[in-house]
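Following are the structures in question.
Both complexes shown next keep subunit A, but they swap its partner, so subunit B is in the first and subunit C is in the second.
Showing the complex of A and B:
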């Protein structure tokens, strides 16, 4: 008995020794790093609470959220944002009812026409021109519309890149390769300047929609490549099995290829979504008043001159929180998809 | 019969494409003749008339548009090349740090990666430019005895001057890309089977020799595809230079369009310069890949 206890003691000591191994170099490095980080954190906190002048953010919160949307009508974008966050909350914490989970995608898609109606007005609401859309609302609007349009286009491009029809295959690989080698800002610029030149005289597309067209054209090429990766991961035996069951081509694509490749490509697709959300900021260079555009215009106001750090830190925090939320949402979705094999 | 349907489908597709292109070109020619701009490349040999702050070669406003574009191209190459080197260097450091057993260093590098990856590059560039460099005012920050000098004019390294626009772009691009490169490096090293680590440990090699001689050589081929795509992204992201006022190829095209209205021609020039750049990067990375494979034999 005594020996056993002694053994245990030795084992325990060894455990401690391996867990908290006292290596002088590592110890020194840790103390130095910890002291640097604590002191810089203290400096940052001191700046945030005592030195920074947050009035530039506080007095412009409605600008950051809704842009120059008429103040009487600001409940409309607010309502849309609330609806969206409610759907996201259901996605994360909601009950696991099958009918609800099945229809979540439809609910997400349905949120777009609701958003367009609430922002644009008409049919009983006062119409608001798209020049007045702005801030976070515009950023989210562009992101959601572009991802919803580019997903089907991307799937179509990926399928046609694997098609046995020579012309279709060549055309889609040409399109994908060109789009992937061009910088996004060039495509957006194409949308803003060249689309009006390609349209017949008198027909005009709104700036916001031209931006969405640009993003859709660009992102769909990337999504197509991600989905192609998913398609390639499906073993050939699946196709043979489907063929031997007598499924036709449409059924194989709809029930076997697309669901499985989407599941494989999901992490890459959510990265595309996060990238798209961040890249909407490029529209501020081309003159749309989304989040960063609003930040730039506020900084150009002589009242707030030189308050770059406050504005940039605020914008970075907003982007960081929303991107992290999206990443979390996608992880949740991945888990669900891997556990719930039946659609 | 089956073949005929396929053939028919392709013909229809080609017809639709031709009609679509024809409609677009028709609209274009109507719109161009209405605005009176037209479509040709003769304007390239006319004097540009705008001055450039950033000129690695001799340039004056009386030089041609073509020469201005060439200067922009060189400026782009300069910033892409330098930030590619810095980004790789920082990325490797951070990637290794994330794998470090010292959990504290791992935590710091994970924090670095999430902050950099979850905020837009444009915001970071503006931060480096307006807060990082223009905030330095006229006092010289970090003036180390004439070796390196950070000031509102930019970086002065051994008397070689880099403008503040260039330096901000260099900082922003290198730091942004380094977070992505770090993930590539980490993924590459994790792709080496864990048995390899156990094997060199049981052979009595030290952690360091084992890591350098056993793990890295096996991880190298896994780095290449990820690194290539990150380098391509870096090259494409360098077009955000316009946000900080650095005259790269996109910014000069933008200026020319504002001046002459020749949107189509400039867009074609921009497209072809990026196609060339992409070919350059993919070919160089392909060469490196070949070198790695041949050195392993």
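Showing the complex of A and C:
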């Protein structure tokens, strides 16, 4: 035992020696870098704890969370957020029962109608107009709805891009290429300004749903490309085996192609999800009161003028926490899928 | 005697005028085992894959279980054939994202519309016959090559096929794993399964086959019973090939 510890010590020292070399120049460089890091850390901590005025955050927490949702009804978005975090917790720490794992996706999908009901009201709840939705609730709502709509649309586009029907194949390639060559903000402007012009008089889609449509149209093109990569990675022999068993085209797609390509595309899809989550902040330019939008409107209040560093650092922290959580969730999912299947 | 398989002058050519198959004809009677041998590149795999429509051909006619197909591709007829003919591949080709039992029951449930419990029971029965029922809940890559190939045989058997095709089923296996697969195939032959087998295993062919078809450059060199083929092959080319195999 003692020998082992000694060995470990030697190994550790050796590692330090190889990682940090003690030649004069690099020693100088290391000292300078380490002191820069430490002093900036001290400055930052000093600012966070002594100089910054966090009252702008403390007194507006409910605005950041729910926007201008009527205060008597704020338990509704809160309940939805609690449900979501509960599902996320089960996803990360929950038991590994197979039936539970298989139904988690359905539970995630089911959280959307629940969210719509809780936010919108009706059927026993007081209706709340979408102008009053805001803050973190709105950011998460737009993200989850957009990703849930664009995933099936993306799969459909990827499959039709490989279709043997000429028109369908050309149309989906055309669509994907167009969407990938247009900036997101242009698609969102299109959604906010042009969709109302195309709709018949009297029919109106409110701004939140126009945003979700815009994001769905854009992200589905990228998801389609990720899935196409997954589809291409499936060896031809898998198709031969499925064919020789007498499965038809639809069954091969559903049981063989889609599950295997999703597995391969999962890391790329996570990137899309995180990118989408961050891109919802663009909607603040178009007048939606999501996280950044709320931040901007709070800063416009004369009471809090000039406190933008506090507000933006707070917002960055919120985004950082949620993005890290999402990355962790998907890493978990990846591990689960590959732990026993090893491919 | 019911004839299961009749091939008449099957010809397939690739673009450069090379014939992959050149007027191949043979018949197979129910309950018998046909072994196809030949050097690599002789068209063995192409030939066996035409039987269930994985490969097309340019001329000739094929009658599988009474269903006639020719160079005109008729998807519906090919589907009908595939529902009654099982196939086992060199590389197993199991579905990596499904468990062993799911691999086996996928087609019975979705193609033959059988009840899940019934399909699972039958699958478990077949697995226990192969001595691998303890692996039912595992995934393919957790099994050895020999076990995977036996699963692939079970997957084909689960559809209760009237004809089984084997495309070099032992070529991708470690030498010490070959016998467990060959034993399974021997048992099938003894139970009266009609089989077409592409293989290089001489002992297996001698023991199990009722007919040996020797193919070279897409041409049938000879079709004879294994007794004659392995001891007294009529053709110079076959003797040369067998000598080569013996040396290895």
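One rule holds in what follows: the second predicted complex is superposed on the first by the 318 of 343 C-alpha atoms of A that agree within 3 Å, B and C clash if a C-alpha of one lies under 4 Å from a C-alpha of the other, contacts with A are read in each partner's own complex, and residues count from 1 in each chain.
By our rule, a residue touches a chain if its C-beta (ideal position, glycine included) is under 8 Å from a C-beta of that chain, and two chains touch if they have at least 3 such contacts.
Nothing here was measured: the structure is a model prediction, and the numbers come from that model.
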Overlay on subunit A: subunit C relative to subunit B, clash or fit: fit
Partner chain in contact with A:238 - subunit B first, subunit C second, else both or neither: second
Touched partner set for A:199, first subunit B, second subunit C, both or neither: first
For subunit A as apex, the angle formed with subunit B and subunit C - C-alpha centres, to the nearest 10 degrees: 100
Which superposed partner A:32 touches (first subunit B, second subunit C, both, neither): neither
Touched subunit A residues, subunit B compared with subunit C: B
Touched partner set for A:248, first subunit B, second subunit C, both or neither: second
Which superposed partner A:109 touches (first subunit B, second subunit C, both, neither): neither
Smallest separation in angstrom, by C-alpha atoms, between subunit B and subunit C in the superposition: 8
Footprint overlap on subunit A, comparing subunit B with subunit C: none
Partner subunit B, residues of subunit A touching it in the complex: 26, 29-30, 33-34, 37, 164-168, 171, 178, 181-186, 189-190, 193-194, 196-201, 274, 278-279, 281-282, 284-285, 292, 299, 308-309, 312, 315-316, 319-320, 323-324, 327
Complex contacts: residues of subunit A adjacent to subunit C: 237-238, 240-248, 251, 255-256, 259-260, 263, 340-343
Residue ranges of subunit C touching subunit A (in the complex, touch as defined): 52-54, 79, 82-83, 85-87, 89, 91, 93-97, 106-107, 110-111, 138-139, 141-142, 155-156, 159
Residues of subunit B defined as touching subunit A within the complex: 6, 9-10, 13-14, 17, 24, 27-28, 30-32, 34, 102, 104-105, 108, 114-115, 117-123, 126-127, 130-131, 135, 232, 236-237, 239-240, 242-243, 250, 254, 257, 263-264, 267, 270-271, 274-275, 278
